[in-house]
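First the structure, then my questions, so here it is.
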Amino acid sequence: MPDSIDTTTSKPRPEHFVAPLEETPLEAIDTIKAEGKPSNLWIDAWADLRRRPMFWISAALILVIVFIALFPGLFTSEPPNSNCQLANSNGAPTEGHPLGFTRQGCDVWSRIVHGASTSLSVGIIVTMLVFTLGVLFGAFAGFYGGWVDGLLSRIGDIFFAIPYILAAVVIMSVLADYRNVWVISLAIGLFAWPVTARVLRSEILRVKNSDFVTAATAIGVPRFKIMWAHVVPNSIAPVIVITTIALAGAIVAEATLSFLGVGLPSTFMSWGNDIAQAQTTLRTAPQVLLYPSIALSLTVFSFIMMGEVIRDALDPKARAQR
Amino acid sequence: MSTPLLEVKDLEVAFRTQTGLVQAVRGVSFSLERGSSLAIVGESGSGKSTTAHAIINLLPGTGFISGGQILLDGQDLTKANEHEMESIRGRKIGFVPQDPMSNLNPVWSIGFQVEEAIRANGIASGRKAVKKRAIEVLKEAGLHDADRRLKQFPHQFSGGMRQRVLIGMGLAANPQLLIADEPTSALDVTVQRVILDHLESLTRELGTTLLFITHDLGLAAERAEQLLVMYKGQVVEAGPSVEILQNPQHPYTQRLVAAAPSLASRRIQASGSLAAAETAMAADAATAAGDTIDLIATAEHRAEVLEAAAAQPPAIVVENLTKVYKIRGAGEFTAVDDVSFQIAKGTTTALVGESGSGKSTVAKMLLKLEDATSGKIVVGGNDLATVSSKEMFALRGRMQPVFQDPYGSLNPLRNIGNTISEPLSTHKVGTKASRRERVFELLDQVSLPRTLVSRYPNELSGGQRQRIAIARALALKPEIVILDEAVSALDVLVQAQILRLLADLQAELNLTYLFITHDLAVVRVIADNVCVMQRGRVVEAATTDEVFDNPKEQYTRDLLAAIPGANIPLGA
Amino acid sequence: MLWYTGKRLLQVIPVLLGATFLIYFMVFAMPGDPIAALYGDRPPAPGVIDQIREQYHLNDPFIVQYFYYLIGIFQGDFGVTYSGQSVNDVLARTFPVTIRLALLAVFIEMVFGIFVGLISGLRKGGIFDATGLGVSLVLISLPIFVVGFVAQYFLAIQLGWFSPTVGAGAPLEDLILPAIVLASISFAQIVRLTRSSVIETAGLDFVRTAYSKGLTRRRIVPVHILRNSLIPVVTYLGTDFGTLLVGATVTEGIFNVPGVGRTLFQAILRGEGPTIVSFVTVMVLLYLVVNLLVDLLYAVLDPRIRYA
């Protein structure tokens, strides 16, 4: 204020300083800095992933597991079920049987190798089911709002209210005669999707108020197309992360159900079954329980690790937390 | 001569990043006498806030002081340990932060947060004494019912109230120095003025030395005796406020003075400084010429346009428009109340108002993003209430919006080419090749290189994104563009550039603009007519010159008075 | 707060109806004879079948059956177990044990999880943080029965630090090992959640403002950073309660803890359908109640909810 300047007469009048132009060169206003390769969230995330050893380790582990599941014959010539001799019960490793024998005298390594495909198939089927249901429910609830949201979210709440393993226990008990990979996947997936739907819904609620969505509406893009072309792609990143982790969760769920005795029948190779059967001889032959446990944990670990690195790459907030 | 209260010598601040050190502040020096006031002015990224944070040693993230001295009463703060800093903060240096919404902890009551500041600085002890002082502090800051509101939580306070609380906390221990970091940028202009007046009288009363950080040159000059202009981490000019404004020496300051919309009304008279600015930038003509708005030429041209427009039917007619929202459990809320106006073809009408005035709701109804409760909107002869969805689809091509937030207005996963051509493909205009041609043409029109077609929004600055949004809006060759706070989020220089672009496009394409803004200062340089809105109603509607020179309503006068820098006599 | 509580209570009702309906539907609307399905290859005596038909009103239309079932639940009648005991009696005996185990586990995971997460978050990027992140990643990957067996074998059988199984009456010292096992997975999740929450909060504006007021770090960490970081952790406890219930079933099975979980575990192993359904229903109700309590606790922690 001009009047306040008058009160400063007692102080020395500050000089007028001007920086020399050569030391403070002017740049053109708003210069364009886009150079090199184009970049957006996914391109940046991939560039980030490629630099991280954690990503390559988990990717390699997953590839090995997938390979074992697809071609078990390449890793063991021993049949998992048919060549069991009680004489070998809980036997130590011998030539051609690197991990020894189960209580029934079956080859531990062969059972682990042949169990991979069960775990993986259940994991993949459940994940696809959870992803599809979660994305459909979450996208419509979040984008359309109103009574659609009310209805879909309440349905989600109801399914969420029954912990999915408990629900699977009930379904598998009832369908005791129909237990196979598809049924157990359905039993797990049918109650596991609400989390995915919730995550997508809240993300969509955030994205759908962006100006680019309003701009698309103002252009005249149909609502349904706005949802799938603009809103969902910008909301899907956290869903990808939890889906990867859900795959691990599904593998654990299958093993837990088999462990509880309501999983796959013993004609299927399942790590959960083997662990359950080995528990009676935990004191005398812990290694029979340990090996399938390691296989299971390692598989789960590789998917969880993958989920974590993807999270770090996709979520700028998580990236800042490293 | 006594030593200055604060002396900053060759301050350097750097941030550690993955690609190495980034210097944010380079060799900044200034001194501040007791009882005086200094404003640091600069655009975003100039290092002004970083300098302030360095003084109280609260640099964010990986920032650290990499050189220089900060002397407070002769004590070098760069060498103070954490414990010493704790006793300096609050007691010797008070701090008022920028955003009142995020600077109070949402889980603790206002009273708790003020009381802990009082206790930490040893001003009072004992529950009763602390509480008494807390009420005092808040009352001084202008919260008259402080005793009643002590138990309330931040979310129960308005933005202005929270800022008062923050000012109260900053001054609670009667510090010698108060650093105010953009203390009112997040508030409405009229609230801003009241709070700054209050802050000024408080600091004068207490004899507090004030260090003010702002991006607004007018505000800075109005509130501080001295200015320090920063640009890319360096001080480019410093000295007495009025002198700098009237006689800016450094080309950057000249640019700022020329572009500051709040000073624009004076700038016509201040042709001396304008000429100086132009001469100084002659070497850099390509950019400089485009950076200043040639107001006189624009004004002359505008008169012709207005004359021509009056003969044609209006582009937009709004009659008795009302929008009522039903609020669950709280009855009804009238966001827009009986609003009427017309916009002639090829002209610009500004809708001005503070937050909650209903101006954006009008825009939404015009774009048919929301339906009107009652009243009539006619766009190019079509009544929006009765158009079929097919007609509306066609109409959308003739009326396009540009929004405020440059970071939200473009889909981050789409490249620029696809973003600009989306209106074309949606309306099935032309072939793929012809659309691509049109995208290039549009990029030329908004002065962006054609190579951007394959780039993504996150690689561009706010101003560049706004250009893309304008290009997208123009793709279908609309007659009407609705600019909803389209330049509000931009730095002044970029803002001036975009305003210039909009003026050029209007002249070239005979566009009709509805310009929605909270910033009356910008209106002066862009609009032909103004509607001032308050609480859903249009309180004054007239030509821009009439509104500025002869405002009829008290509210308009308040708004005009709140434009920072309006009181500063400029030039001869 | 009252309004919020009322709203949440009202929201629970449709969920409760829906969830019980789903369970009932899964069991009794499946193809085939529900009794045959429930008992599998171990059909009970004909007298028992009649009794069950009567108990579940199997001769009435489906929706009426459900209605009876619902009335039973609201009257606190969860039916009869396979061996003819009332589920309520079994609950009265086993419930206190499970509550003790669960509370102990929640205590362990909260105290240690929040502590480790807080230190990790405050010292982001340090050795402690890196170790914490690595260990928690491994812990999350271990299925609970693997943790259970490994702990039982090494800590109890090999080292003898704990009793491998829980004795009669389930004394607290016997419950420590099962509680640690039960806490392990959620512990790791809480560490990660607290850590990221602490990092996020510490970077917020109001924390800087708290420093600028002259507060010490010793005050800011608990009062401003930790206090605000706890909100998402508490919310997590609610959703995680389902994991805790399943975990309790497995853990009580492994360590032979005489609680609700083991009863369910044994019922599953023996294929006792009605008992499974009764206990799952009880657990679902418990889950809903706990989530309701957590939501109310959330409102206590966050005034923005309380005064909304």
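For reference, chains read A, B and C in written order, and residue numbers begin at 1 within each chain.
Basically, a residue touches a chain if its C-beta (ideal position, glycine included) is under 8 Å from a C-beta of that chain, and two chains touch if they have at least 3 such contacts.
It should be emphasised that the depicted structure is a prediction, and the values quoted were computed from it without experimental measurement.
Closest to the protein's overall CA centre, chain by chain, comes A. Interface comparison, A-C versus B-C: the higher count of C-beta contacts falls to A-C.
Between the Cα centres of chain A and chain B there is a gap of 42 Å. Computed from the mean C-alpha positions, the centre of chain A lies at a distance of 22 Å from the centre of chain C.
Per-chain Cα centroids separate chain B from chain C by 50 Å. The multi-chain contact residues of chain C, meaning those touching 2 or more other chains, are 203. For chain A, residues touching at least two other chains: there are none. Listing the residues of chain B that touch chain A in their complex gives 1, 33, 36-37, 200, 204, 222-223, 225-226, 231-232, 234-240, 242-244, 249-252, 255, 284, 286-287, 291, 367, 369, 392-393, 396-397, 399-401, 403-405, 408-413, 415, 422-423, 426-427, 448-449, 451-452, 454-461, 463-464, 469, 472, 476, 493-494, 497, 567-569. Interface residues of chain C, counted against chain A in their complex, comprise 11, 14-16, 18-19, 22-23, 26-27, 30, 34, 37-38, 40, 124-125, 137-138, 140-146, 149-150, 152-153, 157, 195-196, 199-200, 203, 239, 242-243, 245-246, 249-250, 253-254, 265, 268-269, 271, 273, 276-277, 280, 283-284, 287-288. For chain C in complex with chain B, the touching residues are 203-206, 208-217, 219, 223-224, 227-228, 231, 301-304, 307. Contacts from chain A toward chain C in the complex involve residues 154-155, 157-159, 161-167, 169-171, 173-177, 195, 248, 252, 255-256, 259-262, 275, 279, 282-283, 286, 289-290, 293, 296-297, 300-301, 304-305, 308, 317-318, 320-322. Contacts from chain B toward chain C in the complex involve residues 56, 58, 60-61, 82, 86-91, 94-95, 97-99, 102-109, 116-117, 120-121, 153, 155-156, 166, 169-170, 172-173.
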